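Two complexes follow with subunit A in common, the first pairing it with subunit B and the second with subunit C.
Take a look at the complex of A and B:
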């Protein structure tokens, strides 16, 4: 049974729809995850640039995590579709608790440009749960009207 | 042609042509991401080591550009400059135009709406 950290269903009681995709932590399966991101953003009436940005950001987050994932790890990507924004939580298992996602890379800077908010979280794992690394990003559906 | 035994393999196709003297065109079709980046990098190397004053990358049929692909493009722009020329990109899709715009890197290239105008030389 999964005892790993994830946004629980209760977190979505504010009206968000939740979609969770889990794959092997392999670059070959990231296209499927970004297709889900595009689909959700399109159905949530994101403008075309925001859909493109979200798809690229999800791809970048997943690729970054797959890079540090343990060989048999899963890649889990949870989408919380809220009015006017989508929140994405991506996570993998790592082999060692000191596996680190560098935020000093070109890819990370692109991710910060594409997403409205992005954070990385390293979890050493407790009570038998192995270490994991997660990236959370938020994207608004379009230009904020002022 | 990208051949792979993986059932979920990405699709990337590249071809190098010389439509007119002095112009070399690398046509790329499909998705440029972590999986296809090595092939894209190899094709880009071939373009940048070809002889010719006009170097064109036709990205008309590129449906997705990941940051790793963008990094290859930026590196290619620098290498073209080292050769005394500006890299020309044919860009028509949002999938390519948007990343160039949002990262502020569009100015590193000469952008064209189609391969014919991209290959136009100075007479």
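Take a look at the complex of A and C:
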């Protein structure tokens, strides 16, 4: 599973509080993941806008990934809670290595607006491990006022 | 119910007399009181059927009684229908409407509903003072309650569907200023070259939802700023945005979402 294998929390995640949620890659389970996202943000004392933004961003990212996920595969969502920000890695296995998440869609615009940083990662998969697509989000605890 | 009904049979002739009396007849009021008292066990029985949904039984009995009074007022015996087959749906309908108007989509204890109200007002006050959305810790301090309670209240807010008053009050207000609000965001939308035909899909949305989406994603405004401009609460903006994104997601063809 290459990238899907967790590094041990202590070394790779530099001390951030870590929560990992793994579900079937099914749209029906996304509400559970986004509930975890908003709960973590609220407990980390994010402001209400940031809590709601993170919740919607996780929703959008997961929905995007579920669309390209291989049948009967996993959706894995890791939350790294750091001081003043939360980092989210969402990832699915895809059936073909040419399945991509495009960044010229409205959905991507939504992600860019809601998160402070967002990137997409495509991994073609090596040594029999299936290809994966992941979205990484970074959300700060309060919006910098423009 | 027939005249032979041991419990309510004696009320049958009263119902007929009541229905036959002209609206301004002096006997009506007393007769109506008598009928309400007589049929009260029916309202109480229906109220009890709804009593496991987190609303106090007293409130439910009151609502059911309103339903009963409506049923007594509207019943016309000459149509030949039995009073019960008319009254029972009328009363249950009133109780159902009560639940719907409360706007809670799942069972939430009264304590949390009250907290939801106080949090809402604290949020709008704090947003004004701070010029940004408050944090749970700030809300807790303002209300003088532990942060854990605020977190609980915020979680309960997720179960709140604002289909009721908030919605009705804000819909007129929102549309009045839409033109000036979205002008800039609209221009920004034109500059973005999406693979999807977003504009027609956006055009299908209700005006206020469209405004909120444009201001958030093309006008660079935060939810709190939008709440202020459109004249609704931040939590309401948050709910509307989430709902609208969900709708857009299903409307935009998945084939074009994915490369």
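By our rule, the second predicted complex is superposed on the first by the 130 of 146 C-alpha atoms of A that agree within 3 Å, B and C clash if a C-alpha of one lies under 4 Å from a C-alpha of the other, contacts with A are read in each partner's own complex, and residues count from 1 in each chain.
Keep this in mind: a contact is a pair of C-beta atoms (placed from the backbone, for glycine too) under 8 Å apart; a residue touches a chain by one contact, two chains touch by 3 or more.
All values derive from a computational prediction rather than experimental measurement.
Q: Could you check whether subunit B and subunit C clash or fit when both are placed on subunit A?
A: When both complexes are placed onto subunit A, subunit B and subunit C end up clashing with one another.
Q: In the superposed arrangement, does A:138 touch subunit B (first), subunit C (second), both or neither?
A: In the superposition, A:138 contacts neither subunit B nor subunit C.
Q: Return first, second, both or neither, reflecting whether A:66 touches subunit B, subunit C, both chains, or no partner chain.
A: first
Q: Which partner chains sit in contact with A:42 here, subunit B, subunit C, both or neither? Use first/second/both/neither.
A: In the superposed model, A:42 contacts subunit C only, not subunit B.
Q: Using the superposition on chain A described above, determine whether A:30 touches subunit B (first), subunit C (second), both, or neither.
A: The first partner, subunit B, only.
Q: Report for A:111: first if it touches subunit B alone, second if subunit C alone, otherwise both or neither.
A: A:111 contacts subunit B only, not subunit C.
Q: Go through the superposed model and pick first if A:123 touches only subunit B, second if only subunit C, both, or neither.
A: In the superposition, A:123 contacts neither subunit B nor subunit C.
Q: Please indicate which partner A:102 is in contact with in the superposed arrangement: first for subunit B, second for subunit C, both, or neither.
A: second
Q: Would you mind checking which one, subunit B or subunit C, touches more residues on subunit A?
A: When the residues of subunit A touched by each partner are counted, C comes out ahead.
Q: Should A:84 be classified as contacting the first partner (subunit B), the second (subunit C), both, or neither?
A: A:84 contacts neither subunit B nor subunit C.
Q: Under the stated touch criterion, which partner chain does A:56 make contact with: subunit B (first), subunit C (second), both, or neither?
A: Once the two structures are laid over each other on A, A:56 reaches both partners.
Q: Report, in rising order, the residues of subunit A that make contact with subunit B in one complex and with subunit C in the other.
A: Residues common to the subunit A contacts of subunit C and of subunit B are 48-49, 52-53, 55-56, 59-60, 63, 106-107, 110, 113, listed in rising order.
Q: Quick check on the complex: what are the subunit A residues that touch subunit C?
A: 35, 38-39, 42-43, 45-53, 55-56, 59-60, 63-64, 67-68, 99-102, 104-107, 109-110, 113, 141-143, 145-146
Q: Using the touch definition from the top, list the residues of subunit B that touch subunit A in their complex.
A: 6, 8-10, 31, 33-35, 64-68, 70-71, 94-95, 98-99, 102-103
Q: In their complex, what parts of subunit A are in touch with subunit B?
A: 27-32, 34, 48-49, 52-53, 55-56, 59-60, 63, 66, 106-107, 110-111, 113-114
Q: Under the definition above, what is the set of subunit C residues touching subunit A in their complex?
A: Residue positions touching the partner: 123, 131-137, 147, 151, 154-155, 158, 192-196, 198, 216-217, 220, 222-224, 234-235, 238, 241-242, 245-246, 248-249, 252, 254, 256-259.
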